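One chain, chain A, links the two complexes that follow: it is found with chain B in the first and with chain C in the second.
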Partner chain A sequence: MSADGTGISPTRVGTSPNRVGGIGRVTGAQQYVADVRLPDALEVKLVTLGVAHARILSIDASAALAVPGVQAVFTAADLPRPVPRFGPQFVDRPVIATGETKYHGEPVAAVAAETKDAAEEAARLVRVAYEEIAPVVTIDDALAPGAELVQDPSIRPNDPLAGTNVLREHRFGWGDVDAEAATADVIVEGDYTFPMVTHFAIEPHAYIAAPDGDGIAVWSTIQHPNWLQRILSGVLGMPLSKVRVYAPDPGGGFGGKQHAKYEPLIAFMALRTGRPCRLVLSLEETFQAVRRTTTKVHVRHGLRTDGTIAFVDVRADYNIGAYADIADRVVAKGSYPAAGPYRVPAVRILSRSVLTHTVPATAFRGFGNPQVNWAVESNLDEAARALGIDRLEVRLRNVARTGDTLNPVDTRCDGEWDQSVRKAAEMIGWGRPLPAGHGRGIALGIKSGPTTGLSYSTVRLLSDGSVIVLAGTSDMGQGARTVFAQIASTELGVPLDRIAVVMGDTSIVPYDQQTSASRSTVLMGNAVLSACRDVQARLRAMAAKLHGIDEAAIEVAGGVVRLPDREIGVMDVLKPGLGRMGGEVIGNGMARKDAEPDHPLSGSAAFFEFNCTAIETAVDEETGDVTIVKHVTVSDVGKALNPLQVRMQDEGAAIQGLGHTLMEHYIYDDAGRIRNLGAIDYRIPTSMDLPLHMESAVVENEDGPGPYGAKGMSEGALLCVASAVGAAVRDATGAELHDLPLTPEVVWRALRERDRRRAEEVAR
Partner chain B sequence: MHAFAYERPATLAEALALMQAHGSAARLLAGGTDLIIRLRDGSARPSVVIDVKRIPELDPGIRVDAGRLVIGARTVMTDIAADAHVRRHFLALAEAASVVGSVQIRNRATLAGNICNASPAADTAPPLLVYDATVVAAGPDGTRRIPIDAFFVRSGVTTLVPGEIVTAIELPVPDGPLGAAHQRRTRRRGHDLASVTLSVAIGGSGTTRLAYGSVGPRPVLHVDGSGVLADASATAEAKARVFEAAFADASPSPRSMRAGPDYRLAMLRVLGARAVATALDRLAGE
Partner chain C sequence: MTQTIPIALTVNGRPRSAEVAAHHTLLEVLRDDLGLTGTKECCLVGECGACTVILDGRSVDSCLMLAVEADGADVLTVEGLATDGRLSPLQQAFLDKGGVQCGFCIPGQVMSAHALLAHTPHPTRAEVEEGLAGNLCRCACYEQIFEAVLSTAEAAAAADEEAGR
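Up next, the complex of A and B:
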């Protein structure tokens, strides 16, 4: 029965109702930040230089200011001294370039005008005198002796690495790698690179700031509104209570919208002009604002003849760009599980965050793991080949089983991972005959879930039995609104259309640490669940008072109130309980995972995301074209609270992974300029580039820490796409592949190299 | 976007007068699929944009007239790709028109615009070259007919003189059997700019016309009268020699970010062989 007496069944977890807010998204009714129109708003255009690295000598705004409608040309000179800096991990990024630019696209000035056209015209007319300085663009450039330093050592006091372009070194591991290497039966090593790619969210990044009494209101396409509120409070010197962040549901984030970028600048401009200021980035500007870390990885595997892994030795250098953003955390957390989901007695990992004069890198779905996975899984295939063991078999032999130790200081294996591997192998038809020119690959991916977390939720049961859920997660397309509504529906027995989920307003919605690391279903989900249970407890107390019986004798679950002698609905308690004055029942919930100061990542994994991807490809030997004949992805999700959304997350991640696997990459020139800004020469997969067949499946053992046994799962299917595709191409052709993306030209070159190698062997 | 004046002449004469008056400060707008991008990115900053969509003399349409197929200047790619005459006699042009940009772009982009933009990668240039098309251009001094091979100069530059407007493209309807095919290389299957384009047309007499683009400043036509490419029994070595001669004028830029020169040159040979094989199959089916 339904709690509210409408007779409509609640929508429980484990079903797939229509997405909450989905109709607004597909009809265009949803208001994104770029749709927000404030009266009297000024349009902002950034002024950038056509170089990567330059000393700014002077900025002459006179011609720009003469353009009709221009209200201000804002530079570092308009900011407090020293120019405020900010960042989620290091306080290194200036609000606007001061003294020098460090990457192609770093703004040196910003124009505010009555119209976008006037702002653009004026931005062209800002005359910047500058002296170009040779940039360091690649990891090799940055690590060369005597390389130009990207960060002034003075902003890194007491840092032994301050005189280098290495921001941080991370060392992880256990066991004795050298001793294992002395006894391993086969040792295989290789070098692998991962390209520089951007998130390419379809919604443009946008920022609006408006003076709001003695505070400020900021609209942003941000994933972490509370973190942004803290950053703004710091740079503006305002209490948190005076900084109101509105975060309408983003249209895709993928990590690129996690952290503050131009919000501080726009806020300062709004305070200076006394008017709302608005900046919507073009796609080209977005390329210059967010990108993924790119890597060079050297990996060495030692195996014994029976196929067990003796050791894994990984050196991973990540090019993180000109400012740290959250990239050093990406480096640490991405390289930490480099040994993979296997039982390995000895592991040694050295990873480095390398600063360069390129776009600051940030979080990107997979958080540094796909880069290392490409190297480690590809190399494991080579080791299996060297031993003459089947590539699936070597994985099954080593993959951890529930309760097995992975890293001795971290969470133990928390899933039946071999089930996912066997399922994927079966779905791809592993071992069955293939047509000529086809090949198969299989790869395993693991990612540490959140290492800390804090989410609060308030659930309000209103007098008519409808419900408001307050949850500070950002629903950027993953479907968090729907899942939270389903949890409330399950717990309180209220149908979905009588539940409102309120997000994205820091003055109203309780604190949430962040929307990242596939955490929201687990952490915020648990907070919503505990808030619902709090509501149930209050209903129990209300029922006890109404019926004059002991609370302990009453049970409230799923919208049903069980008295000792009968069952009644929630409304049967709520209506008389609230009485004539109305009111509501308010439940509060919290989910918290504390930091562990002695842990190498300051916290063990709340859960692991585990995925197995299996691929069949066909390769055109003449052109290098790779056709994905079949793409299989299996994720261990604990419990799919909304099976359709889980599948969409898996498929979306898998397809996004095909981008860096097959076609996406930034092209820099020697001067550090990005040559392929925008959609014409930076290609992402279209519907025509999809696999001919794609199948996704899940393993559900209700063994996760989230509500009803759920685990986070939104990144898993991206982790090992490249590894599985590369393995399939290798299997089809015999060509060795080390560098992504596997464009037709790259594969064609690898095929020529294979032919050259074979001819050499014949000659010998 | 930079501000500009917008004119929408109702006749060809008015359009020509506007072109005279504004000279190089004017840009013509037909489908807009090239121009709008350039207006947005600021690489074109005309003071006046002349919209030719209301000029009856440029009306879209495909008709056969005295042994020639006449394609009106404003005919869009979608209509060319679907047209029965084009598919019957000029299949390589239909194939090329059907891969320009995306569905949305093909619904707007005109054939005349594609060639006037004179991109070395223009998909429709190779088929127009193998079919020996003629560009009809109206100017202040009357109408000129320009053989397509004498039309392209380099990227963005044609032999049109200032003030001229293309009114139609004409293709001679073949008087005998012809097998033709169009091939291209792109970085992905979804809509993309080509890194190599190539068309062939093989006549019953044994003459093969082969044209290719995106490997030099302008698309290149090569006519092979040796009969080797048209000969299904010719050896691969013999065909390779003809291809060597045909592709001698390819000069792909090492600065291109779409593909390396060696890959492009290798792909010319792959596409050439594939297009010839397809064209021969089609010729045999005529």
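Up next, the complex of A and C:
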């Protein structure tokens, strides 16, 4: 029973108990990868070149090897021939640069030494002779006729695009755009760009590999330990059972820690030296390891005079960098819902993954959607303006209602989305008078949830009634541990402090496909739920045997065993049922969403993440400085299993979105070097950069596929931040904005352009 | 050979001594020589605050201070806040208010907040925002962190009032 008299146990779903694992996080006891110390470990330092693209002529390690304590200088020459390559989607990334470097920061050698100091000193002494080659840095560079090819066509056999820098083209759509365009009442088009940004998890990436009998053990800041296990098994030629991946809770992931980076290299070095090898990246090296795809989008909307959308036509080019990583999937999945959460009769989408000599891009919260959302929602505002229709009204007129078709081949609208829109509009005070220099914007965001999924869980009810949940999700801050414990607590009637959630060890914890796409509450949550139900079924069988009655006459739920004539506790069954030898009751669960081979994304959405963001800004006309006066974010979450964690994820995503909206971007020079590596010259939101007021809310209709009607959430509140902020600045000033981030300089220039345009109009 | 220098300092109330390399930072010595890995390493240029510790009552970025400069100092790290197995009120407030997500920045946040409250026991919200401006949180649960700090100050003030101080 509850302490507060509500009858609701404070650990059940729908309440907000303190974070499981929270104590270690406030005491410093939590061990992240860089905190793991193995005896006799060698420290590794990467050797990189100060250029983006170069042909490697020779590597002379003699001076480095002479540094006391240096055990090995590892290069491509130390690897099997041809140098093994890997990648989650394309097998294109070499374990270490071979023959050439393709981006600023690509390692050409790695030093292993007894101390960090020795490794760093030796790394500086590795002499690499190289010939610099002019890089292709931007999308325009890469698509120019005769552009240098980023990938050797020989690693792209039977690929008609192998002679270009386009890795893949994706075409999605339905209806007849040209026919709709012929009859649309207004057609509005525009070009929009999204900046190159990085995840900037406060924990830089870190890796340790150690020989482990006839196998290997690898510690990594990875989000997908089972996927990493598969990659390592492939490059090392070891069975999965001999590759043990430890994945301590990452200190922030945001997509940047999904896929293997330097783990194969460190594993080869550990096997070569016979000793544990440890590589902790600096923040600067992390910038050179992961970033988000950057985009150029051209969008065309056709509308009828009543405000209904007739067609959406989108061309999106994504700069994905030198190796594919998971970026081509980002391109496909990010551009696929480009038409937005609206009923649109005709849609045409062409997106391209463009290779360049820049840091390989990867997943980043929102998975390619924020980039396109910025263009499409901004352009929809311009279309509403052209028609003289209110920007909120145009959205309410077109937003899909439950059961409406979005893409004819995909999941139908699975929420009461207009509720979120109305709520956000009310919270921002849409339509009410504003002070001079202020403006409002509202934008809608949609993202396809996971298109496939497979999660296993094992739940162990121990002889004293305490519980161990095994779940292969990575808890990188989203609070998966807490939610799984709450599910077990709800199903088995066990308080949270008697539940342990074990993650992050591929030799112990059953398979989970991945921690991404806001999937874990739904997929692993369902697996944990079904494992708990399996435990309940076994308790039912145990009770039936003990009491000599039919199983069907017994019900087990929430820690209570209902016999035909009375209710007893779980312990009343467990203790006599297990008997003197002790033991445990083990339940297994699985959640699976199969691929659909004929689907354009190989799978329909398990659910949609839907968010409405509304913003009020004040803009300084003299400096272009933008103040976020109020930030409202409303997400359709189905059911908030832990309302506080939901709020933290939504508000955190919203603030993270303000980063790429207002301040964050890599600065590349023409030679392909990043000029603002590190925390001094690359700024993310601090406690001084927050909206003056932030309000978040959720819509809960228990209409999701997860436990108790939950949907996935965590990315939604980031999807349309830039669109809503841009719209508010446009509303405040009349300046048209096409390029992020909206730094004072960008806004100031847009203001001057507005003045020039107005002066021209007056002159006419 | 790297030159080493003996230093003696008090860490979390315990006298500690170490032979440290002249160029090693306090952060390196805490983590690598003294095994106190609660203090985190991120930017190494004094911008992120993950390595914040309290040295002679002042919050400092331990990545910017040479270990030899800490010779003779009294250092408090995140490991020293809980006493007798009980969380400090500030640590407890971080948990209760939801000020913790991935947790990697939290040792630094807690130490900065601890130093802030030591000097400004009744901070305004603006003072908290400014006091924590040097501590980045990419999960961005800043609002909940502010609530934790402000509620800790309020609880301390209420306790003082009750005690007639």
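Note that in this section the second predicted complex is superposed on the first by the 754 of 764 C-alpha atoms of A that agree within 3 Å, B and C clash if a C-alpha of one lies under 4 Å from a C-alpha of the other, contacts with A are read in each partner's own complex, and residues count from 1 in each chain.
One rule holds in what follows: a contact is a pair of C-beta atoms (placed from the backbone, for glycine too) under 8 Å apart; a residue touches a chain by one contact, two chains touch by 3 or more.
Since the structure is predicted, the reported quantities are computational estimates derived from the model, not experimental observations.
Undergrad: Would chain B and chain C fit next to each other on chain A once aligned, or clash?
TA: Aligned on chain A, chain B and chain C fit with no clash.
Undergrad: Let me test your reading of the model: by the given contact rule, A:N676 touches which partner, first (chain B), second (chain C), both or neither?
TA: In the superposition, A:N676 contacts chain B only.
Undergrad: One more residue to check, A:Q656. First (chain B), second (chain C), both or neither?
TA: After superposition on chain A, A:Q656 lies in contact with chain C alone.
Undergrad: Touch test for A:R124: chain B only (first), chain C only (second), both, or neither?
TA: Only chain B; A:R124 stays clear of chain C.
Undergrad: Let me test your reading of the model: by the given contact rule, A:I208 touches which partner, first (chain B), second (chain C), both or neither?
TA: neither
Undergrad: Please indicate which partner A:T686 is in contact with in the superposed arrangement: first for chain B, second for chain C, both, or neither.
TA: In the superposed model, A:T686 contacts both chain B and chain C.
Undergrad: Is A:T27 contacted by the first partner chain B, the second partner chain C, both or neither?
TA: Second partner only.
Undergrad: Once chain A of both complexes is superposed, is A:V137 in touch with chain B (first), chain C (second), both, or neither?
TA: Once the two structures are laid over each other on A, A:V137 reaches no partner at all.
Undergrad: May I ask you to decide whether A:E622 touches chain B, chain C, both, or neither, giving the answer as first, second, both or neither?
TA: The first partner, chain B, only.
Undergrad: Look at the residues of chain A and decide whether chain B or chain C touches more of them.
TA: Residues of chain A touched, chain B against chain C: more for C.
Undergrad: Quick one: the Cα-centre angle at chain A between chain B and chain C, nearest 10 degrees, please.
TA: Reported to the nearest 10, the angle reads 40 degrees.
Undergrad: First (chain B), second (chain C), both or neither: which does A:T743 touch?
TA: first
Undergrad: Just the number, please: smallest Cα separation between chain B and chain C in the overlaid arrangement, in Å.
TA: Comparing every C-alpha of chain B with every C-alpha of chain C, the smallest gap is 5 Å.
Undergrad: So chain A touches chain B in one structure and chain C in the other; where do those two contact lists coincide?
TA: Residues 117, 680, 685-688, which sit in both footprints.
Undergrad: If we count contacts the way the header does, which residues on chain A are in touch with chain B in the complex?
TA: Of all residues in chain A, those touching chain B are 117, 120-121, 124, 622-623, 662-663, 667, 675-676, 680-681, 683, 685-689, 743-745, 748-749.
Undergrad: Where on chain C is chain A touching in the complex?
TA: 1-2, 21, 32, 35-45, 47-48, 50, 77-79, 81-82, 87, 91-92, 94-96, 98, 100-107, 110, 128-130, 132-146
Undergrad: Quick one: in the complex, what on chain A touches chain C?
TA: Those in contact with chain C are residues 16, 18-19, 21-32, 34-35, 37, 68, 116-117, 199-204, 249-254, 280, 282-283, 476-479, 644-645, 647-649, 651-656, 678-680, 684-688, 690, 694.
Undergrad: Which residues, counting only chain B, touch chain A once they are in their complex?
TA: 1-3, 42, 185, 187-193, 257-260, 263, 266-267, 270
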